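The following blocks contain the structures, represented as structure tokens.
Both of the next two complexes hold chain A, though its partner changes from chain B to chain C.
Presenting the complex of A and B:
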């Protein structure tokens, strides 16, 4: 069960630098380094639930795409080999 | 662009003027609005993928390009260029249920939102345009009346001419022996408190059966969410302030929410209004109940021999990602034949009841709810189960000619728990 508490949702977990341009606040959720987000796209205030919702929705959507449109699943190796052939 | 003057609104004295020539208040408000939304608007306008169009319930039934999420953002670009002003576009923004499908399906959200900490926010944009319109004196006639009546009665006029008010807001609970106050407060939205009273009665009795202690507010007002959705932000904030003060005065720690629209108000609007002062816990009753079933505190035993499908309420599924628990609850009820449609497919489903659309344009709501019922009809079901009181009125109306009954998930669970619910499902 989830519940909403202001302090829990608006306190962002500390960032860990993953690459020179990427940080991680939630496990396996990567974000562009905020210092690079100043010119063209203004970052928004994200409560934590929203980040998690988007990540979950993306996985759900990819699974939905597979269910509805993928007849078979091939490996990256097979894909590369088919390009060479 | 709408022709608002043909429909009786009266902003004509300020239309078609460049921002610098508008009356100062309107000019300043428009300028502030454009400053706030310019970045988001250009990021939408420059993308061009338009996945939003086909998941939009309004677009599905009207094919009106001026009412698409893309157009809603492009208008801001036009305002920035001095080509349009708020009077030109205000009426177009009526045509949105704020279901959130467009902003979730937009690749800027779904594929990149968490990476950039920037996502499409059409719902917030629509609310901002409506607020700008109201603040500059442009009103939609039905919304104006609705919010005036809400202000006068402290509750939405969901029963039409029949009065609603403080003296009757707890009548739905007659005979249930629910105390006032306590750590956990059950908040009941206007539609459920006055119109579909079977929903809060079902919820209350389910919680009582599970041994969950809770009370009602000393003086509950409307959550203010509908006013915020229609652009009456100051009124919405006044109502929110009343409710927060009332909760704090009674020492409440947790608010139990049965209505998805209230859940949005309390987890998105109230935090914006009050910041860290809003230190209460907000809990969705559906999730509480699902946990009670998991733990064995509740076990549905009465078989319900119906063929059903489930309607994912937009504000739970698309806007909050809550879709598992309702299915868990329904699968725990013996006797049901459940013809489910997955929650991602349902990103493009909507009842048409949200965002004030049913108040200002009931004919458009009817088209959307009719399309939703048609999808249920194709599954050969006799019952459509929802978890949102605001969806249940338009869906019931659309379901009647198709012989599809519309039942709230709490009503159905209560029945399977052997509870005699009582109350009204809206028939007056």
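Presenting the complex of A and C:
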């Protein structure tokens, strides 16, 4: 069971600059550098759980699409290795 | 701009239609009408009110559609078919107002023929919903646009849609065997290869199926369709490769498309500008090294052993040309996302680099393989000129995607971010000029103005007579003969000229 602590959810982890225009706060979740979103778009306060939920939902959706179109997915990495066998 | 119909005429239309369709299926509310006024293609939103229909109807059968069309003829009111409303050339936009016929209630699966491998459906069904049912029988209807979750079978007929896996299974025109059609005068006809509902090849009579596909709603409304089914694939293979050089990537996509692999379902070439765009915002590409200048994707579907063998051959072809495989996570994730591009949130950059909410405009053409590099250069130059002049546009790069299993021609697309809220008459006119220039380049290289989206919108539509030559005169004659009152989706494809001045009044 997990509990919701307002302070935790609304305090984002420190940002790491990935590229000149991108930051990373959660592992493998990239965000546009907030300094590029000052003139034309407003920033929204976002709880951490919602960021994680959106990312997880996207992966769920992509997995569903694979299953929808085919029964299995063949690994390119395995095929590549087999070229040298 | 067409004037709004007088309230008394709207009342008469409702009185004539409601007894047959039911009052609940004749909508006059502002919300019902405004939400059926546009398609996803960006346009100057300050002119939204110019294209709002006078009423919306939701028929439940072919006979009900025919009744609505006959009433429209009687009153001389335009009628516009609307399916998913996902088309990008304004086919479903009621440019002259009138009656929008929304087909979504006609969404039943009437028959699944397991022996002959066909399904007969109401055209208001989406491919996704149909395939959820077909999967229970191990079957699939493989018409697979980038709007897959939201576009409908009827819209695919009206636009003669292009499919992401068309190089393997064909496109809408190959997959739709036959359909019932309500003509612009309210007659009900059957259209197929010859007279049989489930015939894939006939040599009897004129081949009318292609005529009644891709007309953007100007020749009638399809209502019930019989579709060709395939076994649901046992396996899928998708690979994305990175290249340090566009020219090598170009060679690779050609080699993959020409390899004659039976399970080959498509190959895509992404140019440097597209990589630059992906590197801004796409999780898969942000961490990629600067040396990546172009991408190639190739996919296969079919039986497991055949897909594995085909995939292995694709891997060898790409590796021999110096490609770097980007890994299973990126390859599989990126490919899956391509079935659902309409769900992609989009934002672009102004010249200063600041983020602005932009809508996605994709200008496409059918271009032969040998002309792809030249067309790519010229299109980017046009968009760059536009962008420098008006800071509401952004170049989101280009891709070229095989249309067939031999690699002869490619759906070639340049994606342009448009800050839609900022579009005014001046910037819209500049954009239309750019669209016309882009279409002219396609024709200069012997291509077609559109492989996928259609060529009805301002700008490119001006060049359709040039592209089709004498064939355009045949279009005018067909339109005049089938739609004597210019009722059916008037204003599209420049077909008003079939009526001299009379048609302009509608």
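We adopt the following convention: the second predicted complex is superposed on the first by the 68 of 85 C-alpha atoms of A that agree within 3 Å, B and C clash if a C-alpha of one lies under 4 Å from a C-alpha of the other, contacts with A are read in each partner's own complex, and residues count from 1 in each chain.
Keep in mind that, in the parts below, contacts are C-beta pairs under 8 Å (C-beta built on N, C-alpha and C of every residue); 3 or more make two chains touch, one makes a residue touch a chain.
This one's a predicted model, so the numbers in the text were calculated from it and none came from an experiment.
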Looking at the overlay, what does A:18 touch: chain B (first), chain C (second), both, or neither?
second
For A:32, decide between first (touching chain B), second (touching chain C), both and neither.
both
After the superposition on A, what does A:73 contact: first (chain B), second (chain C), both or neither?
second
Mind working out whether A:83 is in touch with chain B, chain C, both or neither, as first, second, both or neither?
second
Please indicate which partner A:43 is in contact with in the superposed arrangement: first for chain B, second for chain C, both, or neither.
first
I'd like to check the shared interface: which positions of chain A are touched by both chain B and chain C across the two complexes?
29-30, 32, 37, 41, 61, 63
Listed in rising order, chain C residues that touch chain A in their complex are 128, 131-132, 135, 140, 144, 232-239, 279-281, 283, 286-287, 301, 304, 307-308, 311-312, 315-316, 319, 325, 327-328, 331-333, 336-337, 339-340, 347, 349-350, 352-357
With touch defined as at the start, can you tell me which chain A residues reach chain C in the complex?
18-19, 21-22, 28-30, 32, 36-41, 59, 61-63, 65-66, 68-77, 79-80, 82-83
Partner chain B, residues of chain A touching it in the complex
1-7, 9-10, 29-32, 34, 37, 41-44, 46-47, 49-58, 60-61, 63-64, 67
What residues on chain B touch chain A, complex-wise?
39, 43, 104, 109-111, 113-119, 121, 254, 266-267, 271, 275-276, 278-284, 287-288, 290-291, 320-321, 342-345
